[in-house]
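Presented below are the structures under discussion, each in the form of structure tokens.
In the two complexes below, chain A is the common chain; its partner is chain B in one and chain C in the other.
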Partner chain A sequence: MTQTKHIEMRGVRKTYPFFTLDDLSLDLEPGQIMGFVGANGAGKSTTIRLAMGLIAPDAGDIRVLGHAIPEAQGAAKRDIGFVSSEMRLLPHTTIGWHMQFISSIYPEWDAPYAEALVKRFNLRPAQGSGGLSQGEQIKALLMLTLARRPRLLILDEPTNGLDPVARHEVMTEFMDVLRDDNRSILFSSHNTVDVERISDRITFIDRGRVVDCNDKEDFLERWRRIHLQLPPGVTLPHLPGIVSRVVDGQFSTLTTNSYSDGLLALLGNTVRDVQRMSLEEIFVANVFHHREARGQ
Partner chain B sequence: MNIVTRKLVSKELYVNRWFIAGGAFSGVVSVCVAALGKAGFSVGSLMWITAIIALGVMLALYGVMNERKERSMLFVLSLPLSIADYVRAKMLGLALCFFIPWLVASVAAIVLVLAKGDVPDGLVPYTVLLSVYMLANFLVLLCWTLHVNSEAWISAAIVLTNMGVSIYMFVVGAQPGLQDHLYGPTPVWNQTAWTILIVELGVIVLAFTLPFLLAARRRDFI
Partner chain C sequence: MGLVFDSELSIHCMHSMYSGINISQTDARPMYLQIMEQIRARIAVGDWAAGKELPSIRALAAALSVSVITIKRAYLDLENEGVIFTRHGKGSFVADVNGLAGELQAEKIDEHLAAAAGIGRQLGLSEEELATRLRRAIRNLDKK
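What follows is the complex of A and B.
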């Protein structure tokens, strides 16, 4: 039997005066960890707010955990843990009050796990929400979310504004959470290092459009930077899968999204070096390639 | 009402506990001041009106606008509830936060009028009408605050509802059916008083219902 997709978006459009999220389609399978990467203003938060039902699409269909969104968002959110870097705890309360509040709403609340997270994140239940730093706010929100063990985690730039130590603590906790095969995560960030660390599938978004979506390993295997030295008077023929070409005299640098032994064989002994690309380099090259293709 | 809505109503009462306590306390203190002779009555009455208006403004500002601005609304909206549930909880919760101190202050004011010999009992209808007006005034402000996103529009509503109290006191106090009996020895509930009360109750019902028809149906809530 096919399992219900945790997130399913088809042809979603959302228009604002100066921004349009256009024809967005996205699938998140159970147990999958999807890194959702885009520059600031690319449409990551808009997509996440659509998935949470906080805004309604102008066109297209959204289903989360099998529920139609935004209509059945109440039922869907029972199994969604949502944390955003923009989110804050309620004022005039303490972390302990929030723990009590969340545990009274979610019967799945795991009190021992919550206590363990409080210790690991160095939080104090008596601490007032007003005096928490950005890092403490995020850690408290993550503790409140993780301790109720949701099936789907939607994280909107959760490591934004965290110092390196806090970021490490949070990312380590994510790695632990990932051991649960039935839980899926949509992790939005412009920090490709974090995304590369935890994701098994990656979607790139730019200026309101999904520009690429694939398995992380596939991205890392397909994309290469190839340095060539061409003999005088020889020009490169048209090659498939070359997204950029920088020529400097007899030296050329090709960026490809279709690296294979076949391509290497075609280039022959002109190849001087082949470099693997980081996710950040792949993202940037991908974005520029698509902007060029769209004439932007 | 589902469990999340109930929890959110309780949350409003907890988060705004100091406003509730402060509002009730100020209302009672104002009435005590009003009991201190003629000058005390004028000062106490002003304090009483100011306390109730300030309570309403604080609840609208902190309960709705600040929750939006400080992004704790995102936390609330991440809970298993619909936008309609959120609006329902907000409306009920904040109305209750206002209602408790408002009731304390209103009852204290009516008791003062009835108990104090030098204050004519004829003031009772006017006091009741003014109290109910203050409740309607707050609900209109709350309804508006839930409906609009703009801080400027909310500020404008605060100014207008504040001004509304003075205008109301002047216009309603000058109605012949009320003015004629203000200083009488007994409360007179004539047609004028009942008509004003019914209009006020109508505004309360409308202000309480509109958010469920408008704000709860908004497609984009943030």
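What follows is the complex of A and C.
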């Protein structure tokens, strides 16, 4: 793959009085959806603001769609669509006014697609921005952004405040964007169910550090909870790839991030059950494991 | 009667050809396995005949609102099972069970045997012990 990466961050650092984002590296390839998962205050929004050139890093390199950020952000932004759940339409205007305004700035504006999205999201162009619910605000912003057909979508908590039906509508639209293998999406969320469903790659971030980054299928394949019953007096040998171990009498529960048939063979007939883990469970186990390793 | 109903149904489903495939969040199995099973079922009952072209990976991902990598994984595993085959640049197709599938099935069993051999070595079994176990497994099948 010699294609230009859509996002490339290397060794990025940004220091605030009470928070430091450190040694952040992140790669987004064309045609991919990356889910960016972290607790509140983990550094998701800071990372996104750095990628958008809204703030400058103290150290490290950032390239977006091949352009150096923040220096060449003007050129990059023509092809980026950015929506955050904190954004609002301009007050005292209508949705239709915004459509007019944005189509006059961006020559790529796709009017038929905009009309289709208005219908699918059940928006009314004549409606004033003041009367919109949180969900309608986000859907209107997404419509205005998607209709520009940007190559890169950067979405900060895009499903925040959406009811289940609206979330479904919006996620369907995200996947539709990816029919074109030259487009990509970076989206942050603490809703791991959404992330698990549509992401190709997943990055976990905690306390300003990237904890883990991998293909989604790899995460789901490698993490397992294994329940064991050990006869009295028998102790487990040291096993590689065990991130946590809880012992309760004869019963032990192991959590592993490198499950294999080999590991199962080593444990032999002490194994009572092997369980797959949801992305949420993997995220939580991963975060605790790394906090422990860093002595936090 | 059935035919009339069929044509009505196809109109309802036009916006998404694959809307019959769905993914359950309460199903403990991973999404790619759920997709594989539903594709296998369509092939098994003959709705998807040998040689039929499968939807492209991106089209199916969009239709089901699941990630591209999940569909890729499902297709790859179906290919390893010999249920479908992929021609690069052309797409994926339902395999002819008597032809190409046979070879792929042979490959598949070799893979399983290699895995068994690996586990056998880890457990410290000799070649002869492993062979004895395989023969016993075959005899057990006959008993059933």
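The definition used in the following text is that the second predicted complex is superposed on the first by the 295 of 296 C-alpha atoms of A that agree within 3 Å, B and C clash if a C-alpha of one lies under 4 Å from a C-alpha of the other, contacts with A are read in each partner's own complex, and residues count from 1 in each chain.
Quick note on the criterion: a contact is a pair of C-beta atoms (placed from the backbone, for glycine too) under 8 Å apart; a residue touches a chain by one contact, two chains touch by 3 or more.
The model shown is predicted, which means the values in this text are computed figures rather than measured ones.
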item	value
First (chain B), second (chain C), both or neither touched by A:172	second
First, second, both or neither for A:104, with chain B first and chain C second	first
Partner chain(s) touched by A:31 [first = chain B, second = chain C, both, neither]	second
Partner chain in contact with A:265 - chain B first, chain C second, else both or neither	second
Contacts of A:230 with chain B and chain C, given as first, second, both or neither	neither
First, second, both or neither for A:193, with chain B first and chain C second	second
Residues of chain A that lie at the interface with chain B and also at the interface with chain C	none
Parts of chain A lying in touch with chain C, wherever the complex brings them together	31-33, 168, 171-172, 174-176, 178-179, 181, 193, 197-201, 215-217, 220, 261-262, 265-266, 268, 276
Touch list for chain C against partner chain A, complex	23, 25, 28-32, 58-59, 61-62, 64-70, 73, 115, 118-119, 122-123
Touching residues on chain A, where the partner in the complex is chain B	49, 52-56, 70, 73-75, 77-78, 80-84, 86-93, 97, 101, 104-105, 141, 145
Chain A-touching residues of chain B, taken from the complex the two chains share	3-4, 7, 11, 14-18, 62, 66-67, 70-72, 74-83, 85, 219-222
